[in-house]
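The two complexes that follow have chain A in common; it is paired with chain B in the first and with chain C in the second.
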Partner chain A sequence: MTVTSFLIFLPAILIGSLLIHLIWPERSALALFLKFSLGIGAGLGISSILFFLSLLIAPGRVNMMAVQLALLVVFIAIVILRERGQAWYRFKSPTLSRLQWGLIGAVLLALVFAILASVNIYNSRPQGAFDAWSIWNRAARFIYRDPQNWRATTSPDLYWGTHADYPLLVPLNVAWGWETLGTETQRVPFAQGLLFTLASFGVMFASVGLTRTSGQASLATFVLICTPFFFETGIGQISDIPVTYFIFAACALIYLYFQLDYAPILMIAGFMAGLSGWSKNEGLLMVAVSVAVLAVTSRKKMFKPFLWYLVGLAIPMAVIVYFKIAFAPPSDLFAGSSHDTLTKIVDFSRYWIILKSLGQETLTFGGWPFSILIGLAVYAVVMYTNIPSDSRMRFFVLAAIILLQLLGYCAIYVITPHDLEWHIGTSLSRLVLQLYPAGIFLLFSSILEPEKIFAQKA
Partner chain B sequence: MTKVKSLLPYLLAILCLAAGGYHLFETLSTFKLSDVTNEMVSTWEVHMKVVQAAIPSNVFVASYLENADIPNSNSKYDEAEFFLVQYGVAPVALKRGFGEEWIIGNFGNTVSLKTIKPWLDQKLGKYTIQDLGFGLYVIHDIKN
Partner chain C sequence: MRLNLKKIFLALLVLAGFFSVVQSWLSTLNLNQGGAAIDAWEARLMPAKKALPIKRGVIGYVGEWDAPGISYAYWDQESEYLLAQYSLAPLILKKGAVEEWNVAVLSEPAFAAWQKANQGKFEIIPLKHNVYLFHRLANP
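Let's look at the complex of A and B:
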């Protein structure tokens, strides 16, 4: 059952990978690895959207595996037709130094540690984290157990704490996974969570590898893999790692666009940003923030690439907007009156509580025995190198997206109708986590890589 | 400074590996196979199957009562148990208090049926009640 719980997602992953390859036909080993890692998320996003559409058209049991296999055959045919006569003979596996091999080997060892730890955690807590069964798998059960009345998962009769307004990427995939296997096994949400977690490592390694070197990519991936909170959240069967993954993928692709100057990459970035909004409401903030930053940037000879980004956003955003208008009950976060909200905005003690909590989170984030965020800051200071003028634009665009996203989270805390300290205590670490991989990517894409240091030493 | 710089990537890699290994060790030391069946949610799931079977399949909304709802009770509302029941009886949506034809009572083992009956008689009039064990009841408000 464990293996089949992973295998059922394979067609979706292949569809996602092939779609990305069609949009961005780069053939280097790292680019192919990046596209496969991006394909995991894109494929799972596509499969959930397909299932959502099928439930809209004909509510009831759907053989999603057959639908995906048919789509996969179409994609394979298109890719074969396009790849005929392409210069695959130019493909070369990368040549790595001893240092690079050593670092990659150590990353693989850390990955083994992390996977073993995740299996242990799953075995002792198969139902996942609190939010897994109270929100995400609860929604999946509503859809799987009564697909004809799947809309009941967004029923206004549900208690606000079940968050019936949350988007459905994760629950829909779990529901069709159960349908495919014919049983409500916890291994399906576990497999989905683990796939998003592993895909995040893949995106980290390949994207830093493309922007810098394999050694730098290994170090960045190392930090992410060895963050216990990241792995624990990933296998907790909740949507925080999917939304983290999509935010990070969109950020990395936006950065890569500026480096490679290939506009269709922005279409994939837009699709990923859209899927972040289809995973969790925080992703909608990412959509708004990224569109705003790219719109400002687009004034500088970037109007056409910006349109590519909007094209990528279109499908997931259409699905989200329809879901929010037609089905989702109002969010609990905006339940307060405008007078209440205004009172909170001018209450400066709330800002102080938020700042203080952010400071504490900086010290304790990630489950490390020491403050990883301060450790990384020290590492960045020592490894600082002047950012070349041609790299500054991408650095500032990504930094602006991350900073504005963080400010957006703080703004929600300011106006939250819930008890502020309770709200911060139950969510801040996960919100910081959502920006953590994008932050690591930006840091390791901007500082001195180990290869250069050793070359200087020699 | 160059020396520090050349040492730092190694230091970072070693720290990461040590942290990863320590985390694995921590999960190993807390992991016991026998704990799996005692895991809270899985335990509740067993009882919820009985509750789910007691509610007709055409019911989409049910009321939820618990100890804190009983008059003069000193108990506090247990939100975690509400979520556990909601998860177990999906796709039935639970609403706290009376009002729906079907009611799930989660009163725990400390409260007897005899204690809650006068309160239910006063609130409901004609009804049937199934005692499902583990302090769980399914009440059918016939007059509703």
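Let's look at the complex of A and C:
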């Protein structure tokens, strides 16, 4: 059952990977690995959208595996037709130095420990984290157990703590996974969570590898893998790692666009940003922030690429907007009156509480034996190198997205109708987590690589 | 000197990473079986699910907070309510005995207090392990 719980997602992953390959036909080993890692998320996004559409058209039991296999055959045919006569013989595996092999070995060894820890956590609590059963798997049960009446999962009669307004990427995949296996096994949400976690590592390695070197890619991935809070959240069967993955994927692709100057990459980035909003409401902030930053940037000779980004956003955003208008009850975060909200905005003690909490989070985040955020800041100072002028634009675009996203989270805290300290206490670490891989990517894409350190002579 | 410092920092980062991930793995070796409590809760509510004549729609949920004069731990009650919602999905659970059919999880004193306050309004169907079904009477 464990293996089949992973295998059921394989057609979706292949569909996602092939779709990305069709948009971005780069054939280097790292690009192919990046496209496979992106394909995991894109495929799971596509499968959830397909299931959502089928429930809209004909509510009831759907053989999603058959739908996906049919789609996969179509994609394979298109890719074979397009790849005929392409220069695949030029494909070479990269040559790595001893240092690079050593760092890749460190990544793999750390990955073994992280997976072993993940399996132990799953065995002790197969139902996942508190939010897994109260929100995400609760929604999956509504859809799987009564697909004719699946809309009940968004009923305004549901208690606010079940968050009936949350988007459905994760629960829909769990529900069709159960339908495919014919049983409500916890291994399906576990498999989905682990896939998003591993895909995040893959995107980190391949994207930093493309922007810098294999050694730098290994270090960035190593830091992410060695962050216990990251993989513990990943197997907690909640949507925080999917939204983290999509935010990070969109950020890495935006950065890659500026480096490679290939506009269709922005379409994939837009699709990923849209799927972040289909995973969790924080993703909608990412959509707004990234569109705003790219719109400002687009004034400088990139209006057409910006349109590519909007095209990528279109399908997931159409699904989200329809879901929010037609089904989702109002969010608990905007339940206060405008007078209450104004009172909170001018209450400066709230800003102080938020700032203090962010400071504390900086010290404790991630589960390292010391503050990894401060540790990385010190590491960045030690490894500082001048950012070349042609890299500055991408650096500032990504830094602006991350910073504005963080400010957006703080703004929500300012106006939250819930008790502020309770709200911060139950969510801040996960919000910081959502920006953590994108932050690691930006940092390791901007500092000195290990290859250069060991190549220089004292 | 500066170059050596960089090498030392790189090595420290790798060592600290290994320390972090190995520590994390070691801490998971003897985790308690937290999942068993959720399974037990689901099993406890299964008879109520079977006994309910409706399989979709809205039912009420009665917890200790509905029993007058009974002290309770708010977060325990909140968690039990959410667990009940998870267990009984796709039924929708509203707080209180507000629907025709209501499921209740009450300790003996809480049940006595609740029953005293709601005399004659509900048909009470006791199940096992302090779980009850309350069926609102048409003409109390």
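General observations
The rule is simple: the second predicted complex is superposed on the first by the 457 of 458 C-alpha atoms of A that agree within 3 Å, B and C clash if a C-alpha of one lies under 4 Å from a C-alpha of the other, contacts with A are read in each partner's own complex, and residues count from 1 in each chain.
Everything that follows uses one rule, which is that a contact is a pair of C-beta atoms (placed from the backbone, for glycine too) under 8 Å apart; a residue touches a chain by one contact, two chains touch by 3 or more.
None of the values given here were measured: they were computed from a predicted structure.
For the composite obtained by superposing both complexes on chain A, the positions of chain B and chain C are in clash. In the overlay built on the shared chain, the residue A:F142 is in contact with chain B and with chain C. In the superposed pair of complexes, A:Q127 makes contact with chain B and with chain C alike. In the overlay built on the shared chain, the residue A:Y159 is in contact with chain B and with chain C.
By the touch criterion defined above, A:P369 reaches both chain B and chain C. Judged by the touch definition given at the top, the superposed model places A:Y379 against both chain B and chain C. Judged by the document's definition of touching, chain A residues 103, 106, 109-110, 113-114, 116-117, 120-121, 123-127, 130, 133-134, 137-138, 141-142, 145-146, 149, 152-153, 155, 157-159, 161-162, 219, 222-223, 225-226, 228, 367-369, 375, 379, 382-383, 448, 450, 453-454, 456-457 lie at the interface with chain B and also at the interface with chain C. Within the complex formed with chain B, the residues of chain A that make contact are 103, 106, 109-110, 113-114, 116-117, 120-121, 123-127, 130, 133-134, 137-138, 141-142, 145-146, 149, 152-153, 155, 157-159, 161-162, 215, 218-219, 222-223, 225-226, 228, 231, 367-369, 375, 379, 382-383, 448, 450, 453-454, 456-457.
Taken together, the chain C residues at the contact with chain A in this complex read 1, 3-7, 9-10, 13-14, 16-25, 27-29, 31-35, 38-39, 55-56, 58, 78-79, 81-83, 85-86, 89-90, 92-95.
For chain B in complex with chain A, the residues that touch the partner chain are 1-2, 4-6, 8-9, 12-13, 15-17, 19-24, 27-28, 30-33, 35-36, 39, 41-42, 45, 60-61, 79-80, 82-84, 86-87, 90-91, 93-96. Against chain C, in their complex, chain A makes its touches with residues 103, 106, 109-110, 113-114, 116-117, 120-121, 123-127, 130, 133-134, 137-138, 141-142, 145-146, 149, 152-153, 155, 157-159, 161-162, 219, 222-223, 225-228, 232, 367-370, 372, 375, 378-379, 382-383, 448, 450, 453-454, 456-458.
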